[in-house]
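Heads up, the next two complexes both have chain A, just with different partners, chain B and then chain C.
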Partner chain A sequence: MTFALGPVPLLPEPAAAAGQATTASAQALVDMVHLAPMMIVGIWSLIVLVADAFARPGLRRFQQTLTLLGLGLAVLAAVGQFGHYEYDGGIEVFSGFLYVDQFALLVDLGILGVAGAVVLFAGDYNRSHRFEYGEHESLVLIATFGVMILAHAGDLVALFLGIETMSIAVYVMVGARWNSRQSPEAALKYFVMGAFSSGLLLMGIALVYGATGVTGLDQLSHEVSTVFTKWRAAQDYVAVVEAPEGFPAGMVDMAQDKVALGIAPAALLIPGVLLVLGALLFKVSAVPFHMWTPDAYEGAPSPTTAFMAAGVKIGAFAALLKLFVGTFIVGSLVQAPYGWTSVVLWLAAATMIVGNLAAVRQTNVKRLLAYSSVAHVGYLLVGVVAAASFYGDRPAKGYLPTADEHAWASNAGDTAVASILYYLLAYAVATLGAFACVSWLGRDKKEASAAHEWSGLAQRHPGIALGMTVCLLSLMGMPPMGGFFGKLFVFRSAFEHGSEALRIVVVIAVVNSVIGAVYYLRLIVSMYFRPPLERDLGHVEGRGAPVVLAAAAALSVLIGIGADAMMQRCRLASAGFRIPPSEARAERVDELRAQWEQREAEADRKAAQEEGQQPGQKAGQQPGQQPDEKAQVEVPAAAAPSAEGGTPPAEAEALDDGG
Partner chain B sequence: MVPITHFLYLASTLFVIGLLGVMLRRNVLIVLMSVELMLNGANIALVAFSRFHGNLDGQVLAMFTIAVAAAEAAVGLAIVVSIFRSRTGSDIDDLSLLRD
Partner chain C sequence: MSGSEIVFYVFAFMAIASGIATITRKNPVVAAVWLVASFFAVAVNYVLMSASFLAVLQVLVYAGAMMVLFVFVIMVLDVDETGAAESRRPSRVGRFGYYFGLLLSGGMIVWVLLATLSKQFITPGARIPPDAEFGSANAVGRLLFTDYLFAFEAVSLLLLAAVIGAVVVARSRREREKEALAAGMTLEHMHAAGLHEHLQDQDQHEGMVAGPYAQTDFGEPSAIGHEGGN
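Right after this comes the complex of A and B.
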């Protein structure tokens, strides 16, 4: 193999370039409008950074308000976009570098909520622990921007840049607490592991690129199957190469070429995919790669821990879903013997077992929550494996699946992705509340995060203890809370797939949820039924953390009670999720919308009938009335802000009134 | 003409040296340098593949990686400096405040 290729055209012909320039810049403007939430966050991070240069120490609150304003604008833009028909099929922007689809928009809303909540209580925390620094808000916005790039990524380059943008900002936030010896240590541990995993990721991307010659996700999903077709075609020539006697020399040469060209891409692709998988498992902290998690979570300032536990996890799972559920969906790559699902399934089981067993013996609340987040990653990975198995099901040899079976598999895969999204959002809300509570306790450089310091908390601060209890119960998976329905949806999806291994792991997961109850309940019992400490450890001044905790507790319950409505939104996001963006995606979303409309119309009819049986006045107008399309669009959009952690604008106002 | 395999040998050698360096060496600065080696090994592979496939995607990613590696090195060294302020020595095993 040599470089026998012609010169690469670097620039278009001058004559053509002049005409293209104007249309290209116009197109870039249109693309920026489609990306409005992301653009606002990116630009705002710079505005906040510049504003900090002119801020006096007394004006820190202005910084916070300014950041919340920007996040509020971004939420408004994302709410306007999410659920809109235009994005049903996914739009390519910047020549396919990024996509705007319902999936990305839902993740945007989630991460914007997380960022808003973290900004709300981080300022008070930093002030109280005497390490206030002005770059904090800007760093949160940069990390948020990185997560949004991940959600929108349509290219491996975008994916790499998103992960790096997110991680580098978070490394700084972890190590920013200069008056503590733990914070830089946590930052170094996180940094070394993170940088190591980005090295793996980059090498993986290089190998995948080498195997396929493309980096765009939509082209990749096509090219990946070509790699395996070529590989299978080369198998016929392997016999000739292995036993060349009796064949003419020319044929042996040709066979050697065919084998080399057919096998080389697969030989590059499989290690490449595994390296990328390893790197992403590092980022989500799945088991063999989870060592950094408890140390980094414990040493980091609590608001930063909250961002890592909620925001970074959302970003890493968005990347995992994009690549492994959306792009590398080829039977050979998903299923045994070369597939990744069989490995990841058992890693998921190991992740929850290790996370839960380690959490049981923790005496520090932050470490306990860190291990509990590892356990949650295990549950989520079961969902990822289920989704990929549905999409990438390879039929038995000599059997062609019918159209019905095919439709069922894609439908079930969509539901699995929706369950993962639901679980992620429910988990993010609950974990944000829990860390808000952790950050509120303790003052003057001393965090009260040892478990024994929490005993009798309910007597001293009944409201805080109640909020924390609701969040912990949601994490545990108590029925009315969001965490329960998240587990229910994910496990049901996994169980629906007929594979035996998946069913065994679901049983392991259910047993693990019970083990998890031990340490959550122990903390709750200690808050309510133990006598309080003699000495009051004090708490952080300011209302940010209690507001976030209250909002998180309320949302945990709301997500649980309104599980149906919330799941409908996740379903909308996942129906249009699969890469590549195509007409088929939009059609699937249309089908879903039609179903919902029908269901709603039926519910209306039933309600009208019931009203008619009682002394009915309005009964006449209800039956047969078609819900108009506009209302259908507005409903998800209007309800969306309540679907993620904390709505920044309203809370910002509340805080401003206070301060 | 140098065949692509030679570039890949170089790239994978650099990558593996970096990988082993991160896992085996205990000095923080050497660990940081090893991470850089990993990234640069991947860069060489990207550029070689880019030339081989005749498109520029790999080279673009390599350019981005150089910028990202610089940012990462800046943050990493800043963290190391902030650790040196409170203790002496640069052995990664001495970092044992946070543990189970």
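Right after this comes the complex of A and C.
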């Protein structure tokens, strides 16, 4: 990442804005400026739509250029803000309805990149398969807008709005290919299942609201713990209600009221949380809810599939992280017996097993990639469970004082969130490349997505095959690529937690990664070592897909080699993740930065000392290990100081008072 | 039992009864009219909860505009009065869904009744009387244009996406018909390119459940040509 721009002075300071006697409308304007990337995308979707009305059929390329211009502007706005909130921990806009923080901006940049790539190769694809329609770009922008709402969401209403905006635009894109029988069917399946899961989400939100009386994520995280405090307090009266003999009537009445008041919110909250969880698991296509994925991915036009596999996943995981890792992290909700993590952990294991085993059997590349994306969701969910366990569970480290345990758990939780972000970005890049390649092959209403049609691809199109190979290797988890470090970071932080179940699932995940190698390698072998088909299936005209593929392959390698810098960005984005943007978060971010700087300085000093003392030994120390890989391993280790098995007391003291 | 309680029970019963009537009527137009009745009954209950503005909106938007739309769609689609469901035996999955749904809703009703009778889960409702402003158009408008300003704006984009979707889907149909007219040439072209051979085996390995659209080869232009020919 090269976005090393400093804070931008153009933006008015939120504190100063609040200090002045601003009217509501002026405040709204200020808020909109803070949301500049999102606003640009939203307004641009209208501009593109209107431009389409005046575009002649031959001028569709102008449409594409216009859209890319808008996305570029939004990226510029996001980059301009990017450094800004590293320092102050973000702000709330529209009275807490949305947050603008580093996490949201990182997700914004990710989704803007995905949208740009999809727009780049979708035009050529639609033209070649003869179902070009002018609303496509506008729909991509609206879906992007939805994902950005999810990234910024600070309220359950915003979360629902974001999911719906994203989904409805994607349903349309899935079903827009009118010269294919599969496309409307896929759209119908996706729409019916998606509408059902939206219903679950809304019911869950209603129950959560009924239990707590608030919808803002900030207040919700307080209210959720209040619910369980009340629930615990009511337990004393349960005995009185159950055996009222011998108690005065007034006391029994009071006990009944207390029990009802104490138990009812928890009785509403737990089903509500589970309903919301089910809906979000549907959106990320985790296992019991994954049935729609292969059909929808296969039937949709390939660029739309790319958007679903990369963009929708980013959005859904942002929502999952915000809600379940950031908000519902009360111990009672996280731990067994009522907690969701124990369920999700085994669902994660099931997700990767089912995804991988089903992918091995596929002979259609799109279905294969669909199942592989299901498997990746399984790996990501392990990270989600790890992050929530760190925040909610506070695993005991025997040798640390309580305050340090707290700080350690917060640190480790932030690292787990950062690992998920890193994994998501690496996965999105590689998936985009893979689907760009799928969309490039075949023409005239016939995609060449059967696996046997890919045999000998390297002889016909060596460049494309090379790019695809890099992307597949990254998805598989080959060391120099981004996918490997994503898996490494996520599994590592899950293993660090130390709970038995998490460790077992990490082992399952590692075994699964090996199973995953079977189908990725089979495709690569088929591309390189099989004779090509006699007839040329042709390819989409236009440079969009090859450009995206090349960029994706290059980025996959770059993310891998520069995993250190990238992970550092992700860590800044996740610093103080469970604290909503506030003074407290700003303090936490400052504190973390100080810690990192101190640790880096110490590491430098040690390295200098070692070099000074034993100049010859260090070079021969680890001959087989790549220098960049070593650097990667050190980042999370430094972030969670007990990772190496023992923390020097001095460093543990430096971590004091994290909350 | 106070006056407002009597009104509540009468209209709550009406809402539930007309809701049941909605899903049991064979004639879709009749079902739609029952749905209007249900909306009206719910609107009255909104008034009881001092959400008068919401009640007005409910009547105007749901019972008015939405239902007109429903009835139009039903008439345009020209659905058979008795419904096609009766002539077809429900599949095993369909029967399972029917009984499972019956069991689930029955169980929930029994559970709610038991809980109500045993006074276990009744929270004493919020007894704080809402201020005079609560639920008025004034208060709703103020919230809508301050705290929920962004939601208000974003919903417009969401609705725009839905409208675009309707246009795209409707146009697809027209384009498909146009395509069917020109299918002869396209089919020939595809055969010449030899692109139709492997479709057969592609269908076999697909684990796709055969939906209503799955009767023909996917993406095969000849299937579209057939349709046009008929």
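Throughout what follows, the second predicted complex is superposed on the first by the 557 of 659 C-alpha atoms of A that agree within 3 Å, B and C clash if a C-alpha of one lies under 4 Å from a C-alpha of the other, contacts with A are read in each partner's own complex, and residues count from 1 in each chain.
As a convention for this text, a contact is a pair of C-beta atoms (placed from the backbone, for glycine too) under 8 Å apart; a residue touches a chain by one contact, two chains touch by 3 or more.
As the structure is a prediction and not an experimental result, all values here were calculated from the model.
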**OP:** Kindly classify A:192 by the partners it touches after superposition: chain B alone (first), chain C alone (second), both, or neither?
**Re:** first
Original post:
Where does A:350 make contact in the superposed view: on chain B (first), on chain C (second), on both, or on neither?
Top reply: neither
**OP:** Have a look at where A:205 lands relative to chain B and chain C in the superposition and call it first, second, both or neither.
**Re:** first
Subject >> Residue contacts on chain A - larger count, chain B or chain C >> reply: C
Original post:
Of the two partner chains, chain B (first) and chain C (second), which one does A:47 touch, if any: first, second, both, or neither?
Top reply: neither
Original post:
Between chain B (first) and chain C (second), which does A:76 come into contact with in this model arrangement: first, second, both, or neither?
Top reply: neither
Original post:
When the two structures are overlaid on chain A, which partner does A:450 contact: first (chain B), second (chain C), both, or neither?
Top reply: second
**OP:** Please indicate which partner A:363 is in contact with in the superposed arrangement: first for chain B, second for chain C, both, or neither.
**Re:** second
Original post:
Does chain B (first) or chain C (second) touch A:175, or do both, or does neither?
Top reply: both
Original post:
Where does A:557 make contact in the superposed view: on chain B (first), on chain C (second), on both, or on neither?
Top reply: neither
**OP:** Starting from the residues of chain A touching chain B, keep only those that also touch chain C in the other complex, and list them.
**Re:** 157, 161, 164, 168, 171-172, 175, 178, 181-182, 184-185, 188-189, 294-295, 298-299, 362, 367
Subject >> Sites on chain A touched by chain C in the complex >> reply: 24, 28, 31, 42, 45-46, 49, 93-95, 97-98, 131, 133, 135, 138-139, 142-143, 145-146, 149, 157-158, 161-162, 164-165, 168-169, 171-172, 175-176, 178-182, 184-185, 188-189, 256-257, 259-261, 263-264, 267, 294-295, 298-299, 362-364, 367, 444-447, 450, 452-453, 535, 537-538
Original post:
Which of the residues in chain B come into contact with chain A in the complex?
Top reply: 1, 3-5, 8, 11, 15, 18-19, 22, 28, 31-32, 35, 38-39, 41-43, 45-46, 48-58, 60-61, 64-65, 68, 71-72, 75-76, 78-80, 82-83, 86-87, 92, 95, 97-100
Subject >> chain C residues within the chain A interface of the complex >> reply: 119-124, 145-151, 153-155, 157-158, 160-162, 164-165, 167-169, 171-173, 175-176, 179, 189-190, 193-195, 198, 201-202, 205-209, 211, 213-214, 216-221, 223-224
Original post:
Where on chain A is chain B touching in the complex?
Top reply: 1-6, 8, 10, 156-157, 160-161, 164, 168, 171-172, 175, 178, 181-182, 184-189, 191-192, 195-196, 198-200, 202-203, 205-207, 209-210, 213-215, 294-295, 298-299, 358, 362, 367
